[in-house]
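Both of the next two complexes hold chain A, though its partner changes from chain B to chain C.
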Partner chain A sequence: MAEQNNTPVATEKIKKMLERKKDKTKLSLRMCAHCTLCAESCFLFMTRGKDPKYMPSYKFINSIGKLYKKKGEVDRATLEEIGDIVWNDCVLCTRCYCPLGIDIPDMIALARSICRTQGVYRQYDK
Partner chain B sequence: MVKAERKPLEEIKDSIKRYKRILTVGCGGCVSVCLVGGQKEVNLLNAELNVSFKADNSPKQIDGYTVERQCNAQYLEELDYMVDNYDCILSMACGAGVQHLAERFPGKPVFPGVNTVAIGIDKDIGMYEERCRACGECVLAYTAGICPVTRCAKGLFNGPCGGTNSGKCEVSDDIPCAWYEIYNRLEKQGRLEDIMNIRPPMQWQNTTLRTIIQEPYKERYAKEE
Partner chain C sequence: MYDLVRGPLLWVSFIVFVLGTVFQIIKFMKLSKKIDVPKFIPASRSKPIATSPGFMLKFEMFKAAGIGTNLLMAVVTTVFHVCLFAIPIFLVGHSVLFDQSWGINMMPFLFSENTTDTLTIIFLACSLYFLLRRLLSARVRAITTSYDYVVLLIAAAPFLTGFFAYHQIFNYNTIIILHILFGELMLVTIPFTKLVHMVFFFINRFFVASENCLGEGNRTW
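This part shows the complex of A and B:
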């Protein structure tokens, strides 16, 4: 997924980015009722055997949710895992629908942006 | 997807030469897929520019940032926090992305870092071929899935012309005649009658701005007007 990178994770930078969208992130994580109603709005979930790892809620909770809960204090391996979710399990088509109004793509996009600042991003020539 | 090519370094340097602080903005969409304007390519270009400006004795501050898609306003938001720190922006997205950035930051000069070439297919890693010019009136239904706008040198809708030469185009022996291929494929499918009717010439629309609204959304946007 990412380039070979041993540079230390710049947690301060991550914290700053989390801070900018803190209210929205906090509210989104709190609001998710785990109702799974968003699942069927994701074409990846529908076309990949309804594997729960493609549920939009699963993806945002395990990416931005993780970064938020750990307050940005994550190691590279965790960033790689998050990178794997936000690039390989979501194409950011922005079509998922949460009946409670959680802007799931925006949350996943934030996780992507944070990963990018740490050199974790999808490589199309690998 | 959209396919693009990096502009020559000298051209890029020339466009940004007046500015001291430059932000190169990559796009995580099509241009990442065709390996020309994603995060990796932003890093590469910035490294090249740095070396080159230093060699010219005019070092500059060149930073990079890649957003998910420059053609979607939602993803440009995060740039709002940073553009004030720069004198100009160098966009690595397709022409649509460049214009979208220029619209969002009208006070900042925005320069293209790539040449947008085509809507194309992936032949292999790093190899792409044009297939469509987004003409807005797709004729593939009667041309057996071969685009005459893209592949016929004259863009003929009723072909071939008199220059067709044993399967080649009169422009060059290296270029297959699109209409020869169209004929052969239609014949194979038993539907040659599809090209027997004279087709009206294309109403070229791409000189004015086209907006696309998908059918189910027509009512919604009509109300908003």
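This part shows the complex of A and C:
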């Protein structure tokens, strides 16, 4: 089993990373009409009982969306939740389809990069 | 009050709408970059073979993307958005205002009053479908916030008040002012709220490189 990570979250580092893609993140979150038409393009959604948590929009809103809205001020528990979404609920196959053209994979990749800097990453031994 | 909302406020909302839309397009251009779309020219031909999918393949993709997976939603959303544009532009009452203000005579293209009335009812029914979908569908509820209801209200309110005004339901003078105000509110909010998807729908369909692109598609995020 992986050990529980108790290192404090380096919010300044997260803020810097968010800042680099601030415009795109802001625009992507604004563009999302919450239509859920992206759902069927995710093979995990289709093969795991159509659970809404596998919708690309859900994953993007609850990962990078959450980090952006909280301006990077997140605690370890929230970061672990985000990590669970971006590492376990998405394989970053980049096949998600958004009718409005949001670059969801790039947003998930950004959330992954942020998580990685804070020691939150895919744990294969879990 | 009527003169204010029909005059200066209308101009303000038009200007905000146009400048806001231009601002978003510039933002897209800054955030995206041009890419070379590969073209394959065999020795035996002088013109490149299309590297983008043909019509039938595009149709298949279209089916996979929307029609095939969410037929009802695809139909409702198409009807809703076509009505959203067509009703205000081809309405007899509005054309009188276009004629009075700018001398634009749209007579040959206008819908009859009965047609626009029916289309408005269809539009409102589509709005109701969206509302019920937000309230009842688990997957939509999973990502719905109060903001989504406000956006739906902004889109539907001008049509609802327009319907009331046409049928003289409630006090006409109040309703017509509300109708104009809601219309202006929609114009102003398009570039700065979730309604910005109006701009990006077209950008995505015609400029962003992907298999669902209908245009040249030579830009990427």
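Here, the second predicted complex is superposed on the first by the 122 of 126 C-alpha atoms of A that agree within 3 Å, B and C clash if a C-alpha of one lies under 4 Å from a C-alpha of the other, contacts with A are read in each partner's own complex, and residues count from 1 in each chain.
We adopt the following convention: contacts are C-beta pairs under 8 Å (C-beta built on N, C-alpha and C of every residue); 3 or more make two chains touch, one makes a residue touch a chain.
Everything numeric in this text was worked out from a predicted model, so none of it was measured.
Peer 1: What is the contact status of A:Gln123 with respect to chain B (first) and chain C (second): first, second, both, or neither?
Peer 2: In the superposition, A:Gln123 touches chain B alone.
Peer 1: Now for A:Arg20: first (chain B), second (chain C), both, or neither, which partner does it touch?
Peer 2: Touch status of A:Arg20: first partner only.
Peer 1: Quick one: name whichever of chain B and chain C touches more residues of chain A.
Peer 2: After superposition, C is the partner touching more of chain A.
Peer 1: In the overlay, answer first, second, both or neither for which of chain B and chain C A:Cys35 touches.
Peer 2: The second partner, chain C, only.
Peer 1: Tell me the contact category for A:Lys53 with respect to chain B and chain C: first, second, both or neither.
Peer 2: second
Peer 1: Is A:Cys93 touching anything from chain B or chain C once the two structures are fitted on A? First, second, both or neither.
Peer 2: neither
Peer 1: Which partner chains sit in contact with A:Asp106 here, chain B, chain C, both or neither? Use first/second/both/neither.
Peer 2: both
Peer 1: Share the list of chain A residues that count as touching for chain B in one structure and for chain C in the other.
Peer 2: Touching chain B in the first complex and chain C in the second, residues 106 of chain A appear in both lists.
Peer 1: In the complex formed with chain B, which residues of chain A make contact?
Peer 2: 3, 20, 92, 94, 105-106, 109, 112-113, 116, 121-125
Peer 1: Per the contact definition, I'd like the list of chain B residues that touch chain A in the complex.
Peer 2: Interface residues on chain B, with respect to chain A: 28, 32-35, 38-40, 66-69, 72, 74-75, 78, 81, 125-126.
Peer 1: Spell out the part of chain C that touches chain A in their complex, as residue ranges.
Peer 2: The contact residues of chain C facing chain A are 24, 27-28, 30-31, 65-66, 69-70, 73, 77, 137-140, 142-145, 148, 151, 193-194, 196-197, 200-201, 203-205, 208, 210, 212, 221.
Peer 1: Which bits of chain A are touching chain C when the two form their complex?
Peer 2: Residues 23-24, 27, 30-37, 39-41, 50, 52-53, 55, 57-58, 61, 97-101, 103, 106.
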